[in-house]
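Should a chain be cited, it is by its letter among A, B, C, D and E, assigned in written order, with residues numbered from 1 in that chain.
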Amino acid sequence: MLEEIGKTEEGDLIINIGPQHPSTHGVLHLVITLNGETVKKVEPHLGYIHRSIEKMSESLSYRQFIYATSRMDYLSSHINNHGCALCVEQGLEVEIPERAQVIRVLMGELTRIASHVLWWGALAMDVGAITPFFHAFRERELLNDLMEETCGARLTMNYMVPGGVMFDLHPNFQRRVHEFISMFKSKIGEYDELVTNNAIFINRMKGVGYISREDAISYGCSGPVARASGVSCDIRKLYPYDIYGKVQLEEVLDDGGDCYARYIVRMKEMQQSLSVIEQLIDNIPSGDHMAKTKAVLKLPKGEYYSRVETARGEFGVYIVSEGKMTPYRIKYRSPGFSNLSAIDHMARGQKIGDLVAIMGSLDLVIPDIDR
Amino acid sequence: MTSEALKTAITALLPEAAFEDGREWLNVRIEAKDWKAFAERLRYQPGLDFDYLFCLTCVDWPAHMDMVYHLTSTVHRHTVVVKAKLEREDPAIDTVCDIWRTAEFHEREVYDLFGVRFNDHPDLRRLLLTDDWKGWPLRKDYEDPVNMIKL
Amino acid sequence: MTLKTYFSNIFSTIRSLLKGMRRTGYYFTHHKEIITQQYPEYKPPLPERFRGEVVMPHNADNEHKCTGCTACELACPNGTIKIVTKQEINAAGKKKKALDTFVYHLELCTMCNLCIVACPTDAIEMAQSFEHSVFDRNSLIKTLNEPGSKLEEGIE
Amino acid sequence: MALFLEFVIAGLLCIGLFAILGLVLVLMERKVSAYMQIRLGPNRVGPKGALQTLADTLKLLSKEGLTPRGADRFLFNLAPFVAMIGTMLLLAPIPFAKGFQLWDINIGVLYISAVSSLAVISILLAGWASNNKYSLLGAMRSGAQIVSYELSAGLSIIAIVVLTGSLSISDIIASQADGWWIFKGHLPVWIAFVTFIIAVTAETNRAPFDLAEAESELTAGFHTEYSGMKFALFFLAEYINIFIVCAIGAILFFGGWMPFHIGNWEGFNRIMDYIPSSVWFFGKTFFLIFVIMWFRWTFPRLRIDQLLNLEWKYLLPISMVNVLLITLVAILGWHF
Amino acid sequence: MGPASMIVLIISAVVFSAGAILLSRVLVQATPNPVKGEPYECGVPTIGKSWTQFNVGYYLFALIFLIFDVELIFLFPWAVVARQLEWLALVEILIFLFILFLGLLYAHRKGALRWV
């Protein structure tokens, strides 16, 4: 770090933002070089909560390692678990009952809404409006409650298992999802009143943190960050898994490339998720919620890669198997890691207040980045 | 492009490339020294346009190491997996972070956890661990009596 | 910037701000929308599937269903469960392995539910308690089978 | 001796007012924010949480006051005193009720404009002396911000002065005996009022202009390093400042302690006179305080360049033109 | 109470502040600790000096303010007599504000009001 001072010009200020800072969601540590209010360089220092989940997973069986992935991107733990389960199923070559597939997709979309709602509140808080954060939690709380009823946990679900889902749906599930849908639809207008149409908010977001389509691809961005730059990258559309191929889903694209575009993309994505839920909730096929699998799972020697679309983007699981009870090597391709790497590109030359807005618009979850 | 067409295109690019049967995607095994030039071709040659490096990692085998690059094209939607074998003693390979910017972080992570040196990387430092950390944690022979809990 | 856009800017800004104020003003005056729950006085009912801690139910005769097969111990990703078995002579006069102590490390448990799923005899289940904070870490190490308890009849 | 006793009583009264206002305003802020955020807010200490701020004060009293290493200790300790003195001095010309005024100075509004600019000095001192980068940035920001917004605040005060023809606060109130300026003065007074409210929100470092302590960027801005009682003093001074600027707003636009009168409706006016003048004063002031709190709990924060744009490209030109309009209204006698 | 109130107020402010600080000094046993004395920067040691040369952007606004604030002071005496002077006041202020406005326009054109 000492040599960095030598590289700076007179009048530059090096400031640490994070790990213990009120605006970094989690414990992101950014070392930024400032000139007055202008950001000259942003350098993320990662690893503050690195737990080496990849190394841990090497000593866990194929049933066990899934629980750890809930703790990576804790806001889309369902979808992370889904990706892992898909990867193991790929190796086992089991057929998943349709009921389980529908339940998985439903849970995934509910998780996406819950995650985006939290992001919405957190972004508003980053740019200084604190009230929306509490309003966001009202909706998120409903979702957590109804997921808790079926899965038994509110955050780290561990509900998806190789072969299906751990339990069948709770009898109240459908009714409560309907309640949520009608409630959410009545509240989404308030979101626009409080934040989306607010002139101060629009001014804080428009033209801030621009990233072009080419750069977004080169930086490996995915999810809403890439789609806001016009990169079509929705795994649910491009490489449909489970029953995503059969539902009506529109990929939300925007070519703004700035924070406001990312905001709009996520807001529209919530509507899309809602429409997927509405399509499926009354058509859950009856049947088993889980395929028969062996007590001890062994993946044949080889390599398996599966990817799913989490709330933050493309989550990939790469398993190298030696045919043993535990994987030889697991690599998690986390969306936040690549998205974060673009932050220097986005924030250079902007104000320090913009940097906070950019961080919010990237929707970073630090355990997902540090793993 | 289909897997077969990719195979012919890649053979034309790099005759030494060997193919492994991937389950889903075409797996190409190359020599580490060929990687940089090959990567540039993959990225910029019309018809291939592998512009999206969505996964970069390393696998530590008992006798050697494999760098694994998952590449896809947002134009043609075809995917290829490139693998390069490295020595376990002092592994090194050319960086590709000037071709795919995302590689800068991913290569730092691999350096951090596996100790693979990336030639010409602009900023090859530890990313996750502290700067004074000893050893490469994701290698199979890594032992850390302090931080690892044996269950 | 013409004078017209200058003023229309001002008006649209003020209008959007007033709309936001109307929304917060609505909540300020409508107290029935408040969602705060008064925690220690009011404890919301937890769903029956909520995963709070692993318990081993015993019936009225102080019998449990655990055969000591260690399926849960193997299923646990964190080494939360340690099963100590003993040799026992059953009614038929045959020597048989049986449960001696079922040690459960609550401090290591992540409530992943894998042990419950793995149990062939449904001997353990998840309880809804969640207020686990204690002053001494050792008090989180629990023995689940009660003293003097034995295996229920007919469970193999 | 009697004079000395008078001074002591006046001083004690001011200290008491300070303390009580601080407690009430902090509680009010927390309750307002809670209801807007569909929460209950403090409700454990005392009836409906009324004693919460008292408990917080006791907590702050029991905290160790830290001075960071390398800080300029003298200036660091001086800053909260400057903040308090600047705020306390502003109490002098404020009439809390009919005839209840410490000093009926004949240049009251000028005095207020002059003394209120002391606040920026305390913030700059605190930020500079802390040896902390966040503090320094926050102080610099608020320096640029507060001095800018003083202009439009001053111009909107001048608008009322043009109408009344006096700088004395008691004269300004007296001129509103037959109706408050906000009702008598047509559109220009409304523009002046809106400008005033925006400008004083910015001058007191309140959201959406709280850049000096933007917690998502600079953790706590200029008072990052302050803890214990020194922090409490800053906090107190901030809230009393809000009270005072709202009191000024009430005096200029809503007639201070003057009851609500309509022209020559004798009966109605007499009924209104039965309500004590202090109730009128505090009612109006607290209404304005509520509006400022309402802003805070609704809006996102502006960015520094947008903040200065708002002042120099919108508020200042508009209030300059507005002064012309007001002069026209005053000369033509268009006000009621 | 007259001008003496200023002295009373200053003394009471000092007494109040000093009293509060001293009271907390008496109540709290200080437990000094080198980590407590660190300047807060998110739990990371500060890199470089805090007191460095600072961006000129902030001071620019202070300078412009100075010009305008002095002009503002001139407005106060004018405002008091404006109603008596009637049309003369309007003409006078029109000229005055026009010049001021030109100054603002000049500053704007020069880019002094643009944040750098």
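Keep this in mind: contacts are C-beta pairs under 8 Å (C-beta built on N, C-alpha and C of every residue); 3 or more make two chains touch, one makes a residue touch a chain.
These numbers come from a predicted model, not from an experiment.
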Moving step by step through touching chains, the smallest count that connects chain A to chain D is 1
Sorted by label, the chains bordering both chain C and chain E are A, D
Between C-D and A-C, more contacting C-beta pairs sit at A-C
Farthest chain from chain B by C-alpha centroid distance is chain D
Averaging each chain's Cα atoms, the one nearest the global Cα mean turns out to be A
Here the gap between chain B and chain E, centre to centre from mean Cα coordinates and rounded to Å, is 57
Cα centre of chain D to Cα centre of chain E, whole Å, reads 14
CA centroids of chain B and chain D: separation to the nearest Å works out as 62
Distance in whole angstrom between the CA centres of chain A and chain B is 25
Among chain C residues, those touching two or more other chains are 17, 20, 23-24, 35
Check: chain B positions touching at least 2 other chains come out as none
In chain A, the residues touching two or more other chains are 13, 15, 21, 37, 131, 138, 194-195, 198, 200
The answer for chain A against chain E in the complex is residues 1-2, 4-5, 8, 10-21, 29, 31, 35-38
Given the complex, residues on chain E that touch chain D span 1-6, 8-18, 20-21, 23-25, 27-28, 30-31, 34, 36-42, 46, 50-51, 54-55, 57-58, 61-62, 64-65, 68-69, 72, 75-76, 79-84, 86-87, 89-90, 93-94, 97, 100-101, 104, 107-108, 113-115
Chain C contacts chain A in the complex at 12-13, 16-17, 19-20, 22-24, 35, 46-47, 49-51, 75-77, 110-114, 117, 126
In their shared complex, chain C is touched by residues of chain A numbered 60-61, 63-65, 67-68, 131, 138, 141, 148-153, 156, 158, 161, 166-167, 170, 190, 193-195, 197-200
Counting only contacts in the complex, chain D reaches chain E at residues 6-7, 10-12, 14-15, 18-19, 60-71, 80-81, 84-85, 87-89, 91-92, 102-103, 105, 107, 110, 128, 130-134, 136, 140-141, 143-144, 147-148, 150-151, 154-155, 158, 161-163, 165-167, 219, 224-225, 228-230, 232-233, 304-305, 308-309, 312-313, 316-317, 320, 323-324, 327-328, 330-331
